[in-house]
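What follows is a pair of complexes built around chain A, which joins chain B in one and chain C in the other.
Right, the complex of A and B next:
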């Protein structure tokens, strides 16, 4: 028991259905990828411990369903998020064009404390596909990110594991700046036996 | 603080010294120092101002020889239990005659009775336990219903100072230095903590103490004794609470513990002094302190009531609360709960009121749930008034308070859009609580500093975000229902209408809140599906010069004309909305449904900045594809020739449109451009460019109608164009005429022939036509022999010599024709030889075919009288038959079977 306070970062991934949100999360956390598409229903999360600037933090990554809109998850779900990841598919123009409304909806639902500085990260996924299929140029995406207050932008492939690690590292870092220290509930805060008290003495 | 109990004096100046009291039903039992037992009947007053009626029923002077230290009753057995002279005695409850002296309790200093109905073998039974502390052991007597079952001894480490049952199996005991819980099934004793705070504190101890809540601390048996040194020891006090919870005294505090020995509540009660005695009368904890008594809410730990009761030293546990000194007894009767709640609400002690409602049995209140909600609402208002916005808004959210009521708490910058009736907040009146006073306070506007208002608005934003989602959801459900039950819906429509109204109130307030604290979110709100009131939004955004957001809002609300007019008005302002581009972007996304708007608002931008503005028609947005090209063409034609050309070029070259009208118009427009430009000599270059485009287009496009364009060509120019058009309609002689006579371009004429010569159509021999042009010029001009001879020399083979001869003037020198004849004769020889070869080859082919015919004819079968079919062994006779390639003959009808048997597949 090194420290009683642990940092928990809540990260929410949003974007149109099929852009690869689940795949990105799976690649990052489990280092796995599947070609099969299974639509996410509701929301689900995975956790991962990450080292950010020599600090060990727990990232709780919430993957959401692109098929449903915000109504189904409820305001409470978005509250307390430390970072919001907007994902689109570089081969699908519509998925890029709707980024703005995902962002708008998030800001309104989550009502973060400082919406002007709330950290977003944009990911253009599926860059492994043929160049001829690409619909959104890097330039265009970066211009958009710039216009929204310099949102960090990454181009990734969940399939080939390109840039995924880097993107999530930035996500963790930016989330940490937002984070409030959360006390992780100990299962039994009352029970103190003599061993524990000795530990206390030694810890100094 | 409020009045939870009314204090009545029951006994005054009793000459005997009171040692113990016990109450049950309307009976009060009093035990004295000299062994007298007094039994009173106590009737509660019926009305508020009536006195309590107390009657002394029995005086048993010689009940015991020594002081009666403790009294209790075991109802199921019908006995009065007393402790006197070191023995526990059981007396008949009616006659007070001694039934049993429990001999084994000799030396007892304390007992505790507990009864509970338990289901045993399917029948409810009253299980009773009597625990008696005798020096260093505890004896437990058990009854089932009225039948005595057993006794059991449990050794304990020290003399028991106080004890209470926690359920029928667990006994909580207080020693001088320790509390402990004993499980009577296993005899396991679990130590809890000391009733005294340690005064000799080691470094470890203090760290532990300060890190954790004091109540978590407990010491082992061994150290416990030491810790008591040097301080006035806390007296162990135990009180039973409902649900197997017990309250243990620890100096000035009381800590509640569950049957597992774990603290049940986060914090202990802090009394103003060290309690002498502890009691519980639902839902309050009662403590006798040195000069007075204190009554506290167990949940909130707040002081509810205190009363001066000098020398008080005894109290009864349970529903009937009596407190006694050595010569006085008081009865504390609770005010009715509705009355208590009223008082708390009057005093704005909402938290206490809410806690009280939560703790008491709902049947004690009228309409509990309702009342609770109403009081919570009042509390939320109170929190707001006392500037605790975060708490207040969280509670409002939890209560799902109507948005208008909450928004109405804010100053006009936020709330001005509320309909007038919503502005006067009508606070709900809980049950019989009179809240006029509270109401008056509610309507007072709250004065806030700017910073405070911003904080309050920040909280409101969250409330509103929550609200808009809730309302949208329920609206959606309504609409879904509506779809499925299309008949009985007038009611639902009203409801949906209400929802929309609420959404408008919420969204408009949200907009104003954002405008105040987070301007950047204004855009977000207006871009997503929202219900902001258009007029409010408009004036607010105009005031703050948020034109981009206003345009987004208009777009979302389909108020396109307004948006476009705004864009036009502000196009000269500096900033991101400057110029025509914002309008272009807007128009690009409108699509065919709004064509009149596009054309109307397209005009000013096309006039101002045609190059950029043309993007409304020639960008690759999906909406632009839907626009009708004819109409746009007509529109642009009226507006500007050049734009029309640009548009048609896009439609034809980029989009590959083959509509002939577009092609015709483009040609005509080119011509018009040329004509227009020729009026000034400076436009030479433009004309050349246009001409080149025109020629190329005439040459390449196949979709225009040449006849129509011919009629529009100027008579005295554009010969090349005319030639192309003439050739399109097959007027080769005229076309060639132009090349030769108007343009004097013999090479072009020759190229024309090469391009248009078609050897399969001898009637239209362009070379012959060209010869005619050269040799039979109109208007009796001199025939042009030179170029004619050139053509003959180069292309003479394509022309019939006899036709040539008739065209050539008689004066032509024969040697000039030498090349022609040579080529011509060679050509005809070549043709002749070629034809002979072909003839001979065809002859050979014919012979071969004849030979093959002879071969096939030689194959035959002969059907004689007795030719049999090998399949069915019948005569072939006159039947239809089939012959296999190997000559086998079968009936036609036997053919398939024969083949199936493996004979030749036919």
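Right, the complex of A and C next:
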């Protein structure tokens, strides 16, 4: 082998529309934030290289559309993800309540091996808003994460770049744990006998 | 990858079906020329077998039965060609082939109901002749290569002008998507499409709102631009039909707007592309640079020359043909240019597009967008995609993707690869094929220079038959139990191949072997032992190849199913080398291999004036030969142009919807004749000012020359080990 390739991780970001999935991604990858809301259509794709435990990995981030009418990308779309990020808005109770269904939907469509151990990360976004607007307490969110098999939980602000880097670092780290070496075994040797005769019209 | 069997089978069937009416018409219409009876072109060109020489008297009799009226009718063409009566050949073509072909096409027309022209073939024939020196007519279109397909457009109209690089090519920016409906009822198909339409329409509304923002972001990349390019350039008025010829089903094309919307839906974004000017993309689209072939044969620490390119560099976007291989999860496996992980966003887009159609049990085959073709080959768990503006056809590009797929299989085996992805569909396959990218790269390069992929045939080294036979005997005597195949070859040509009687070798497997040799120079210095899966032979398991150069450019390849037989193979080699040396054969092999570097014989050896180059494929032997390229084709660009011309002709003649037996093409640079019978395919290239009758005359002469030399040009007596027991 010439050189060990960087590992590539497929990370899918899910959540209700308007919770700030694209903003999180933009903040993380481009260090940019825009107050203007625009719905993601279908999906956006971003690539970022990160260092995890001295190992360079490429994160292939699949930002999806939250609005239901864009959920037409198909079953195959989630296939082979290494980590799934569930995002909600701490100021929007409904966006928290639907996390469960997003998670279930993902597990059904991606059907990963060992769904109970599949790495999720939950992000409560928009903590820069004033405290009075907050609908979901940290305690409540953490309790839910606990109940779903100790999902790591982060509270972030894409706008003020709070905790974004840390959240994605954990995402990469947990995703990397999915990357286990598969067993490579040499297949059985071919048995050559005349009854498996093949004739291709004679290449020679 | 074409199966040579099936293709020749189907043409056989076709020919027999057409034969009676054709021969009838032919005997009626054949002009009275001294030799035309015995060489009755239609008859011979379409009959499934070569006429044995003893049948000549009979055909001569036919000649005598000609009526005088026909003599009158055709007298004006007689001066076109006068051949000596002794020039009797079993399979031959006359310039009147082109006169005669309307009847045969008339049969086709009625079958295919494609052309609703007059059903008076004779009138057609006469009209067709009015344009006979068609290079004069076509020559005036200096920018345009005209194709006159024998008979198809007898009235001289160009129905099928495919310009390699002509300005008309981007006449439409409307991408049309050919979908492969999988045995679905028309109604449900329509239903699915309507659902898609409405969904996409709602998307479009949103998108209108969204457009301003998006433009300010400036993150348009090539996937998107390729489809929106032409409207920007205002070419849309030129009307659009960029459907592929191989997809005759109009129902399977989506409205262009839908696709544009679809492509808008899936936007790759890139961290560092924010300030990319839009005009840049238009510039690259008109860039005519040829694919840079940048393979360094440095195996250790192999690094692609283009590794630093990515979607933001002009170099990357200016390549004419890209190959992408990804897993069905959308993870990058290989990109022909650039670092595949840096363009992994595109892989996401590709996966999402495929996934969208897969949801409707449909599979995406091709998107035509202006000059670009996006060709998909779905071999779950792998997806292979080609994005090309090289002018090659959809099916040729898909064949090439198939070869890339076989290359991956040859490293992993199909069973191992499927098992890995069954275990983990998020698997990053790059780790496993690491180190073999060099062979994918070299395959990409080879497919741009080597006509064997297009022909689905193997090129043979030109050596005297006697020498080939003697070498074969030596190889045959060296047979030991674990030896399955013994092959002598140069990096591009086959010298001889010994096989078990029951197992012939498929050309596409042999192409992988040639690619192995030309992709790496490591084999030249030592004896090598490598596992290799030959997918057509058995895609579940590895064979083991002993590779050793026994002389300069002469490689011996011994294939065994037993992974522990290296030393036995090495002994076989020693024995063979000893015998070859003793018989003085090794030295002559080496000199022939050296001569074969450029082709083995010069086009001048044929003694045919005006002939520039040709390809001759024996369909029964799945082999082909060609002369070395003359001084006219020394530059890489002219070589590639010639190959593209051959590809164009090959594609046109093999098109499923309307295959042709004869094809006459007058181009800016050369005049070409394609001629396909059940036994052979001949593609001959002449200078641009050679007349049609001369081309026909010369092609007949060429065929005769090939027939005389066939023993040396090709391997006709396919030795098997059993012969030597």
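We adopt the following convention: the second predicted complex is superposed on the first by the 173 of 204 C-alpha atoms of A that agree within 3 Å, B and C clash if a C-alpha of one lies under 4 Å from a C-alpha of the other, contacts with A are read in each partner's own complex, and residues count from 1 in each chain.
Criterion: contacts are C-beta pairs under 8 Å (C-beta built on N, C-alpha and C of every residue); 3 or more make two chains touch, one makes a residue touch a chain.
Everything numeric here is computed off the predicted structure, so don't read it as measured data.
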item	value
Contacts of A:126 with chain B and chain C, given as first, second, both or neither	neither
Partner, of chain C and chain B, that touches more residues belonging to chain A	C
Touching partner for A:173 - first (chain B), second (chain C), both, neither	neither
Partner chain(s) touched by A:44 [first = chain B, second = chain C, both, neither]	second
Chain B versus chain C as contact partner of A:21, first or second or both or neither	neither
Which of chain B and chain C A:115 touches, first, second, both or neither	first
Touched partner set for A:36, first chain B, second chain C, both or neither	second
Partner chain(s) touched by A:60 [first = chain B, second = chain C, both, neither]	second
Overlap of chain C and chain B interfaces on chain A (superposed complexes)	70, 74-75, 79, 113, 190-192, 194, 197-198, 200-201
Complex contact set, residues of chain A against chain B	70-71, 74-75, 79, 100-101, 103-105, 107-111, 113, 115-116, 190-192, 194, 197-198, 200-201
Partner chain C, residues of chain A touching it in the complex	1-8, 10, 29-30, 36, 38-39, 41-49, 58, 60, 62, 69-70, 72-77, 79-82, 112-113, 178-180, 182-192, 194, 196-204
Touching residues (chain side chain B, partner chain A) in the complex	203-204, 207-208, 211-212, 216-217, 220, 262-263, 458, 461-462, 465-466, 468-469, 472-473, 476, 510, 518, 520-521, 523-525, 527-528
Interfacial residue positions of chain C with respect to chain A in the complex	3-5, 8, 199, 202-203, 206-207, 209-210, 213-214, 264-271, 274, 300-303, 327-332, 341-349, 351-352, 354-359, 413, 415-416, 420, 423-428, 430-432, 434-435, 458, 484, 494, 496-497, 499-507, 509-510, 531, 536-538, 540-543, 561-563, 620-623, 715, 718
